[in-house]
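These notes open a run of structures that come right after.
Two complexes are shown next, each including chain A; its partner changes from chain B in the first to chain C in the second.
Presenting the complex of A and B:
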């Protein structure tokens, strides 16, 4: 071996080691990537393919006929789809707004307590632990026109009973209340962790500078909590956009189309009416809407950050 | 028997019940041994069955089958909302997880057309339903060439576990106090429900008004007025007639009764709500399916047990027209082994036998044999039998075509909108007619529709 080649070898050794490490990392990641592809990408591709076809079942075999325009035409003619989209947006905006406001308030209140924070946290998150079916049964009884405690209280005060789930103007709001009851604790949990992690010295400095409570909240606490609020907002918005169990258990989409939402429309088309191709197209459209929402939210947050900076 | 959901205690109680039933039959050996078919030793099977009010009767019958034959039937008890998906998954897989599927009459056409069920005579060419078994709207027959459910040229695909017709159930004490006779005609219902409501302060007439069920609850009124969804579907004429003047009269009167005599939340009422209102003593009359009778007549569940009477569906102009039926069908999938098919059919043969049906009714089921049901008609505990038999006579399944699921969705929504006042009855029927015509056109049926009704 010549001197020059030995020097070269010495120089290449760390490079080779680095490459080996890189290769090992990639190979180690491979099983996870394969699982991800199999469990996520393949079903997604299958869904897209289904959205372009008319699908039927015969003798235990599915038969696919490539007819993308037929499904598109069904979408354009589907008046309930538009209603469901509007109801879903309204439901998402109302429930997420109330959950964020209540979640922030509860988080600040709990953080200000000196003793028993653990208890408060445990008790507050209990609704998250209840199964959706139990929640549906419980709230159906609460809202019951003839047997529910809400109407019994109203009657005790000499007021008329209310059709909480049967009046078109109220039904969606009644479901929003259940969603708020169920999921505000999650928002609280995320924001409580955020409040507990706020830098005390910044708040103390603001107080010394003479900031009152309102100024503290507006100019210090909320801007510092913004990342946690953004996480809670995105998590809850995605889940609220996909609301299904509460609607099915409480109203079934009625009265009329007052509580018809996208997931329910999709369920009816895919599972009840057995129109699989069009059902798949509705799934794709729903996914596209959620993606569009996420992108809009991301750009809005960046814009807000830039403006605040 | 192994019931998948349910506690060990429940199973123990069930076994005890079955044993008592078996002892009861043993005490009357002529009856017990006369009609029970010898089905021989069979491989174990699993049955998909719904958790409906009549389930306890079916469960007891299965326990008796196991007791008498030694064969095993595992029950997969499933809420109604999960039944269709489980049945579809069973027949679409390489091999079905269930050897017996209980399929709602409204879904059967999908399974027949897909060729996923086994004609019973393919398993045993000699098998025939006993002549005492009710026709039950003939939903268990399928004529593939005609694409219609009929024994005329059709093959037998299943056995009905019940024949679910509506009936009008009323409080005898309240009607007597108000000096009213039970209603016979649609107009009687409209008058008596208001009178009984004014006299008693109870709801005068309650039935399901929610989107998923209202079209079925309206169908006795629709058929009683001589109207139907389409002209002659059995013979291929799918011209939509739901917007006929007769249908409009049927809808106007139905809405008048529901709005005038029902609770303000009638547009959201489910079957459980209707049963609950009667069982809690808040309703004077309800329209309900016969399957609900076990809940209403059980003193542990109903404060009005012993105070109820039943009359057939109301008629119009003195003519008794067919009543609607919404029954189930116990069917055998294609994708199972020959031994499993034979085992499933063995159970069906046993189930329609007279002793099995007697055990079934004893435990709260509604039997499907005339020779079991008719002798009960004069017993006070079975006050509903005469009304039920009257409705069964010539009953039809009004949603027996491939597009029924889509049509039901359209009709349910538009009728519900008429009930809550979002659409006038005329607009509801005109809109439904146009939408149903589009559904039939899409599937290539010979269709059209009547001219729109004038507002």
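Presenting the complex of A and C:
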């Protein structure tokens, strides 16, 4: 190797290194971007196009007819969609608030006993990992009118049987109970990790200053837990808003439309009534509602922060 | 530090014990039901002669496809988890170490957030049409692809958190020693992020194993997975409560195994986001 080429190599090395770095970072993100574009962005655009059309699928052939107003006029008279929206909101608010209260309480309680923490954590993992479908199947048997253990207990005490899933006024609450049973463990787990991670010095300092247990919880522990509570709240709200699986297994939306939620409504419009164009419009409306909620939440948080600052 | 004493300690213990009982009771009831005959279920007997009939019917019954469902579920969950982890880790690493312009990372992360918040059922219509058009309707491939994108947002966020904990000095040192960016990634980052990969992988696998709505709409026949199998027991006209309980117990097995052997990773995965 001659002297001149060695000098040239040295001069080129940073350039080559720079190019390699460029290459790696571009290639690294590419697979994820391609997957997301093909399977989420394109379907999303497709959804907007579908919402403007009437689509019929027959013998494997799809036929599109451009008819935007037809779908819109369907939407204006659709009380079932409105019911589903209200049911979803009710379900989300009820189940998430109960889960948060129980989860926070249990996490503080578990942090206050010296032994058995590992056991409690082990047990709580189980429901979190089990599929909503299996949970739905289990609770369907538990709620069974004729032979479910709940009604057996009522009968043993000489009380009348209850149609847990068949009475309009109770069905939604029964479904909420299953969700609370299924997901309080997750809230507990997140908050328990939060409690275990609290700075000991702060709590000791407050105690030395004479704070009693109630003051300690109210003024020190809960404010320090706020971020973990927020995470649990957001996680659970998002998932509760999507609820589908358990409801299909438990009630299928019934009795009547008592437990019909948004996801179930979309499924029925798409695959039972087979009106795909209108289903797409409902999907667009659902997405718009969620985006509006996200943006409002974000701006109100900013506004609160600005006001407090 | 919040220790209770005396009578309130007893009360606290009792409440916790009660919540453990409440959590486990439904599982025990279904376990018992899965060993009962249809008659014993209908009469609500507490004492009964245990039978393996339900499991036999689920696994070997002439009209049951459950073994096929199990095979499909394992395949879809394993393949989609492997793909999600690979493309998710590459994305998370370059995003966390700010190797992309602000615009690229904001658009990427913003879109994954929007997609994660949308109910899965909103995109079911387009997916159905697209996979029919591609001739992939009712195939495992379609399920794998959709499960990958459904899992991608959480996987990327979780792994970004784990990568944040790796000291950047280690990567700088390797770079000074002459490693290419890919070598830095493979020899420094990959070994250190392994616990994170296991945590994210466990969650992705469980999610895919449990996923119902996409399987129901894109793959309800030959490619049907375990949740579809359970739902079919619930929706047939003749009473199939025993087999349904048995199928649910079989579906729970991976969760049980993870609870016993992978607790640390599950807890890390589930609480990772909350503590950072």
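One rule holds in what follows: the second predicted complex is superposed on the first by the 260 of 309 C-alpha atoms of A that agree within 3 Å, B and C clash if a C-alpha of one lies under 4 Å from a C-alpha of the other, contacts with A are read in each partner's own complex, and residues count from 1 in each chain.
Simple rule for what comes next: contacts are C-beta pairs under 8 Å (C-beta built on N, C-alpha and C of every residue); 3 or more make two chains touch, one makes a residue touch a chain.
Here the structure is a predicted model, which is why all the values come from computation and not from measurement.
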{"item": "Partner chain in contact with A:185 - chain B first, chain C second, else both or neither", "value": "second"}
{"item": "Touching partner for A:147 - first (chain B), second (chain C), both, neither", "value": "both"}
{"item": "First (chain B), second (chain C), both or neither touched by A:130", "value": "second"}
{"item": "Partner chain in contact with A:66 - chain B first, chain C second, else both or neither", "value": "neither"}
{"item": "Touching partner for A:166 - first (chain B), second (chain C), both, neither", "value": "first"}
{"item": "Touching partner for A:299 - first (chain B), second (chain C), both, neither", "value": "neither"}
{"item": "Which superposed partner A:271 touches (first chain B, second chain C, both, neither)", "value": "both"}
{"item": "Partner with the higher number of touched chain A residues, chain C or chain B", "value": "C"}
{"item": "Intersection of chain A interface sets (partners chain B, chain C)", "value": "57, 60, 62, 146-147, 248, 271"}
{"item": "Chain B residues within the chain A interface of the complex", "value": "81, 84-85, 88, 91-94, 110, 114-116, 210-212, 263-268, 276-277, 280, 282, 334-335, 405-406, 409, 413, 416-417, 419-420, 422, 438"}
{"item": "Residue numbers on chain A that touch chain B, as the complex places them", "value": "56-60, 62, 77, 80, 145-147, 161, 163, 165-168, 171, 248, 251-257, 268, 271-275"}
{"item": "Touch list for chain C against partner chain A, complex", "value": "1-4, 9, 12-13, 15-16, 19-20, 22-24, 26-27, 29-30, 33, 41-44, 86-88, 90-91, 93-95, 99-100, 104, 108, 111-112, 114-130, 132-133, 145-146, 148-149, 152, 156, 180-182, 185, 206, 209-213, 216-217, 226-227, 230-231, 233-234, 241, 244-245, 247-248, 251-252, 254-256, 258-259, 263, 266-267, 270-271, 273-275"}
{"item": "Residues of chain A that touch chain C when the two form their complex", "value": "17, 20-21, 24-25, 27-29, 31-33, 35-36, 39-44, 46-47, 50, 55, 57, 60, 62, 106, 108-114, 116, 119-134, 136-142, 144, 146-147, 149, 152, 181, 185-186, 189-190, 193-195, 197-198, 200, 203-204, 213, 216-217, 221, 227-228, 231-232, 235, 238, 241-242, 244-245, 248-249, 262-264, 266-267, 270-271, 276, 279-280, 283-284, 286-287, 290-291, 294"}
